[in-house]
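A single structure is presented below for examination.
A, B, C and D label the chains in the order they appear, each numbered from 1.
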Amino acid sequence: MDFKPIQILYALWSFSIILNIGLVLQGIVRKIGARVGRRYGIRFYQPYIDIVKNYSLRSSITHGVMFYLGPVFRLTGGMGVYFFTPIIYGSVYFGNFSFAGDIVLVLYFIFFGSLGMALGAGEGGHPYSAIGVGRGLAQVTAAEIPLVMAIIGVAMHYESLSVTEIVAAQQGGIMNWTLMTNPLITILGLIAFLGAMMRSPFDVVLAPQEIPIGPPTEYHSSFLGVMQTNRSVFPMAKTVLFVNIFFGGATNWAAMILKIFLLYMWPVVVGVVFPRFRVDQSIRWWYKYALPLGVVAILVTQYF
Amino acid sequence: MVKQLFIIITLVFLVIMLLPLMTEVKPFEDLSLVSQKYVNAGPDELGSQNLVTAVVVTYRGLDTLGEVAVLFIATAGIGFFLRKKAVEEKDMKSKASVLVRTGTALLLPLILLLGVYIFLHGHLTPGGGFQGGVVIASGILLLMLAQSDIKINISLLYWIESLSGAFYVIIGILGLALAGGFLDNRFLPLGDFGRLFSAGAIPIIYSLIGLKVGAELVGILNNMQRSQ
Amino acid sequence: MLIITVLGIILVVLGLWGMLTQKNIIKIIIGFSIMDTGTHLLIVSIGYIKDRTAPIMDKAVGNASQVIDPVPSALVLTAIVIGLAVTALMLTYAIKLFEIRKSLDINDFKELKW
Amino acid sequence: MVNPIYIFIIALGVGFLLSLFEKAGKILTMTVFYSALAIMTFISGQWLIALIRGTEIMTLTTAGFPPPFSINLRMGLEEAFFTFFINSLGILAGIFLAPKFRSEKVYGMVLYLMMFMGMNGLVMTRDMFNLFVFMEITSVATVSLIAIDRNLKSVSAGFKYVIASGLASTFFLLGTIFLYRFTGLLNIEMMAEALNYASGQAVFLSVFILLISIIIELKPFPANGWALDVYEAADCGVVSVIAAGVSAAMLYVFIKISALLNQNLMITAAGIGTVTFLFSNLLALKQDNARRLLGYSSIGQIGLIYSAFSFFRLAGFTPGDQTVLLVVGGLFVNHFFAKAGLFWLAGIVKKDKSDEWAGLRSSPLLLFAFAVFILALAGLPPFPGFFAKWQLVMVLSAKGMFPAIGFILLGSFLEAIYLFRWLGKVLKTDPFEPIKIKPWEAFPVAVYLLAIILTGGFLSGIINQGSSLSVLYLPVLFVIVLFMLDFLPVLVKNSLVIVVFSYYTFRIMPQLSGYRIMFGIIFLLGGILLFIPGYIKKGRRLGFYPLAVMMYVGLAGLLLSENTLQFFTSWELMTLGSYFLIIRGKKSEPHALSYMLFSMGGAFVMLLGFGVLYHVNGHLLELATLARIPDMTGIIYSLLTLGFLTKMASIGLHIWLPGAHGEAETDVSPMVSAILLKAGMFGMVVLMSAIPAVKIGFIDIPYVLGWLGAITIFLGNLLAIYQEDAKRLLAYSSVGNLGYVLFGLALMSHLGWLTSITYALNHFLFKAMLFLAIGGVVYRVGTKNMYEMGGLIKNMPISFISVLIGIIALSGVPPLSGFAGKWLTYNAILQKGWYLQGAVVIIGGLIAFLYCFRLIYAVFLGQIKDRNRQVKEAPLALLIPQVILMIAIMVFSVLPGAVLRPVGKFLENIFPAGGLNWQAGTAFTEYGYWNGYWIMMVTGGMFMMVLIWLLFIDRKAQKVKQFNIVYAAERPFRPETTHVGYNFFAHYRKALGSLSRPYVTKFWDTLTDITHSSADFIRKLYNGNGQTYIFHILLFVVVVYFISFGG
């Protein structure tokens, strides 16, 4: 796994694909959400318009370099998660930088963004941003419980932490997917996915009603653009990760896009059906239901 | 009452504990190893007719020196303790009856003489320095009872007490230097067995003890009387 | 001489009884004296040998088999004097206590505890 | 050589004549008096030296007859030893009492002289009845002197004393006379020999009565109320003689008559001694009167000494055996010097309540003396009590007498509680009244202070394998030199310490091998680095440098230790040094106490562990023998582990840590947190590398430790997020971090240990940096509450950066070095198969993000408070080490292999399989792979790209004030109101609050309460009535008799 400079270009190409998928999906999902709520909703290409608009705006005031760090960390976090995950199994072009680390790296990179965002938001000096960040972090730490346990479970199951190896083990038909070979872990993973996607009922940070000025809206213009980019890439990166470890990965883009789309629909469906939790309720929920489930899943994986 | 009961129970248990001393211990059938030697060799070695005196003054002389010291300490302690208080004269006014006063005048010389006799003959007959000293002190006590306003010459007491004590120690050292060991009485000739001037330094030691004990007891009485 | 041994122990116990039950300090000291005396009796009783006489080797006493053990006699002498000294000291304490508090009840002197 | 009989001759002669000298004037009298004492000391001192050099023992016969026909005395090594100490006390206490003697009648001096004559007699005589006479001489003189003040308290105490000692001597007389009846002898040795052939209940009863009378004189629990009253009421000079001198003489009487005792009575004596030690110390817990406290302690110490002697006899040692001399002598000397010194101090301070002794602080000498005496009593090195106790435990262990050790250690622990409580109060109570120091009062204290230090050094050399302690001599000497140089300013001392310490490190490091190098880097290099912040202090900083160095001496000693003695001594030195560092904080007193108590408790458990090791390993001290324990592995392992875990602050044993680390001074917090905690880890590494697997029954101990580590991580981190105090937050975070270390070690695999060691190094780097940075903030802002800070980023940018890097490293977010630890943890967990524990570990790690964010946000981000606007960057002395640590973290992050490869290499000696495979910069396990360099490059690349682009497009943006914000369509009124800091994670508390309830604290509190209330209940026994005390004595006699003879 030697590094070749050309890999940077490969990675950028892969990044542009996923960005587009993300933007489109975002638009579609918002449309679905609106239709369920009996509203007309936006056009599905609205995210493109937004992102272009935001990138072309310029900020005239700044709170200092630290203020910049929020979006930068955020995007780096999102991109990092994506870049350290191999996308298409067996493809030299879409392996990204996964040679630098395994699934643990990806897992911890998820936090990189959150923490950095929190820092940047803190520098903004808005009291509500601190409250929002506090809530967000609290929620994330709780929501990662099943994620961590699911990843331990998967690693136990395949005796590997390498995403590539995990995908390799699932090749050769749906019956080899983790979904089939270890459904309990997959259920755990899907619950974790709900938390990871930050959608209702766990959508605390982004809830505009509760935090009038939550982190995303504190940043405007190109900062917001950066954040929006991340909002497209980051969920996609996570989805790709889940596809890889639970649903057999993909050997080509078509399969990958299909799987991403289907998996992405899962939190969307849950989100439109269930109302939002309060933060402490949500934390308690993760500890009360997800944690025992995780314990059961790990025990089952270990002994059966 | 509960407390009394506890005390009784404890004492009963104490008696039970001490029972073997009464049941198992028989008196000596014969002299012990040590006393056999004292009885057999004592008269020849030390020249003292009274073996108890021989044991007290020489064989176990250190005990006796210690004993003198204890008495001395007690005197000093009492003197130290009962600081001079202004004597309340009115208490001292009450005089003893004529009978007592006359009797005292009559008996005092005899008592003192008896005391001196007892300690001088300590190595010959029952008695000795302590007994003699106590008899002397009892004479002075009688005097104090008879004439409650009497002033004892304290500094004389000090002199007697200190010097007799010091001489006792010096005699001990002489024993160490000239004879077998500290308090050995044999640095003086043993003399004829059964005579007053016999048994080496024993009569001297006993005389000193007698003086010292007498002076100390008088001192104690004096202190106690004055502090009342 | 068992009777004297028993008597000695009775005196010791009696003295202790007095020390434990009497409230008056002087009486406690008297109890102590009684106990002391009991001890002295015990010492004397130890040295006694039946049908023998005092260890004074004058003409009346011919040989060693006729005298009692001189050692306990010598010891008791020392013990008595020491007992005297201790009793005198105790009495002095009693005087001083009375001087300070004008009381001789042992229950009145409980400033120091725990 | 002067005949020892002259001791008596001089005393008696001068005593008898002193009242005549008085006529010639007070000065002459006093001259004669002191010369007499001096001559007595000289005679016994001369004999002591001669006998040590090998002169023959002198047997003195009186009256020119050999024993048993006359009284004989003996001057042997023991006698010379005891008389010399007693007579030296005579001189010093005499000097202390000089004003009293001058103002009192001459009788005071006479009594004093007689008292010492009596004590000499008690020691030297070999005749039973003569013993009685000297006993009476001593007690009559003592009783007379007790009332030297003639006030109500001392007189009523003296009366109780005279009655009690009268009773005791009556018993003694009874015993003696009946023994004479059975043996026909009064000479002690011959009597003992004759008793071998005697039989019958009455014989043993007589011996029992004799023994019990001496024990009563030694003040056994509970028949000791009379003695306690005297300790409380009499003049301090006199009490020092009673507590040290008279007790010493009686102790030797006990040793002498122990020749008469059979097995059964020996057990009785040992039992009484142990019970006395235990209960005296228990009751002392509730005591607030300083002198009564010392009284309890004296009684306890004496109990310990004679029980130790009895245990030795039971274990088959002869009284003259060198070990017995060493232990009993060591304990005795320790008690003797310390107690005499403390009573003198009581006389100087003139305060009844032990809380009011802070006046000692007005004199450095006396304060130092006080601390030394307290530490000596608590049994810490380098004082004689420590070495004696060590040897005692080892010898008893060798004979398998573990219950005895248990009681002794429990008693010692109780003792430590009140001693350190007292020390803490003296060191910290404010304000205090300065005391007036008179030279004749300070002189004796200074002499015994010197004596106790010297005997400590002497004893350390002669105990079993004591020569191995010589590695500590030079460093400890340096500590002493620092004490002497304490008058210099901080600047000089700090530089001196850094230079000497660097040189020492330079000398030591090459001697280390294996994992010790790793710890050497943390302990020594880290130590040097953390002295740099010391430059921020002004003035002299009295006492800081010697004690800080002492802590490092201990740590270095641990690294160099080859045997358990070295290990334990170093451990205690380290504890001692760190205690004094911790207590320097303004509000540290209760926390330092709890630190010390946990440390002492842990150390005693550890000592027991070493004892068991000594027992099973054929009486060897070498640490290497840990690897070949034939038996009782589980017990040794658990005991040692428990000891080490108290220092590592695992959950349950952690409650001392937050306060101790949080309240410590700015530059002390990083020392104790980043460095000191690793000492516990070092112990665990030593232990675990020697014993690979251990089970008690079905319980696999490392497995238990694994769970303990995991729970520690979870709860430690959870508690950290609720803290309002920045330093406490970091302290709780240390609890959690050390949980990782424990967990990694417990995995008992190559990867586990690699994790643990990586984590330890990382923890050192980031925790030192964080504590320095936060310390700097606290130093500038003047509060530790995070909600009173905020927005300091512009004022303190460098501190901000180091906190930023610190928390990223701490939370394990890539690309910094913390991630190495996390990645290794995952792999190690998977390799070991501890999935559930692993999950707890990782969830605990997630929670760490919360407090990390809170720390940086609440302190540096958000809105600045008005009163903090003028705050400057932390002083340079604090920043320099931070920058160094920052560089170290970056290097470690980019090139993790530089550290992990060598560590892995030596770990192969312990765990040959399962290590990391390296291909260039990538580390592989059977599960995953990781390349620190490329992670850094990729992350850095992305990061810089986006950042530079943003900077570029917004280059024309105008910089506005931080407060230039609008939210919810309003402009905020004041910056204060817009900074959210208090109860930051309220929702977490709502959800998981039940886990943060102080169950552990409550547990320890309850335990403390129970101990204290039982102490309070039992001490009601001493109702102050002299008559009741007599009853106690009698009841004691009867009960002991029926217990030991069964009726």
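Some points to look at:
In this section, a contact is a pair of C-beta atoms (placed from the backbone, for glycine too) under 8 Å apart; a residue touches a chain by one contact, two chains touch by 3 or more.
Keep in mind that this is a model prediction, so the values were computed, not measured.
Across the two candidate interfaces, B-C and B-D, the one carrying more C-beta contacts is B-D.
In terms of their C-alpha centroids, the spacing between chain B and chain C amounts to 15 Å.
Chain B and chain D have centres, each the mean of its CA atoms, that are 55 Å apart.
Per-chain CA centroids place chain A at a distance of 107 Å from chain B. Averaged C-alpha coordinates put the centre of chain C at 50 Å from the centre of chain D. Looking at chain A, one finds that none of its residues touch two or more other chains. Counting partner chains per residue, chain B has residues 7, 11, 14, 18, 21, 25, 28, 32, 34-35, 38, 59-60, 63, 66-67, 70, 73-74, 77-78, 81 touching two or more of them. Residue positions 12, 16, 20, 46, 71, 75, 78, 82, 85-86, 89, 93, 96 of chain C each touch two or more of the other chains.
All chain pairs that count as touching, in label order, are A-D, B-C, B-D, C-D. Those residues of chain C whose C-beta lies close enough to touch chain B in the complex are 1-2, 5-6, 9, 12-13, 16-17, 20-21, 45-50, 54-58, 64-65, 67, 69-71, 73-75, 77-78, 80-82, 84-86, 88-89, 91-93, 95-96, 99. Residues 129, 132-133, 136, 140, 143-144, 147, 150-153, 155-159, 162-163, 166-167, 169-170, 173-174, 177-178, 180-181, 186, 225, 228-229, 232-233, 286-287, 292, 1019-1020, 1022-1027, 1030-1031, 1034 of chain D touch chain C in their complex. For chain B in complex with chain D, the residues that touch the partner chain are 6-7, 10-11, 13-14, 17-18, 20-21, 23-25, 28, 32-35, 37-38, 58-63, 65-67, 69-70, 72-74, 76-81, 83, 158-159, 161-163, 165-166, 168-170, 172-173, 175-176, 179-186. Those residues of chain D whose C-beta lies close enough to touch chain A in the complex are 791, 793-794, 804, 808, 811-814, 819, 822-823, 826-827, 829-830, 833, 835-836, 838-839, 842-843, 846-847, 849-850, 852-854, 856-857, 860-863, 922, 925-931, 934-935, 938-939, 942-943, 946-947, 950-951, 953-954, 956-960, 962-965, 967-968, 972, 977-980, 984-985, 987-988, 990-992. Across the complex, chain B is touched by residues 3, 5, 8-9, 12-13, 15-20, 60-65, 68-71, 73, 104-105, 107-108, 110-111, 114, 117-118, 121, 125, 127, 129-130, 133-134, 136-137, 140-141, 143-144, 147-148, 150, 178, 180-181, 184-186, 200-202, 205-206, 1031, 1034-1035, 1037-1038, 1041-1042 of chain D.
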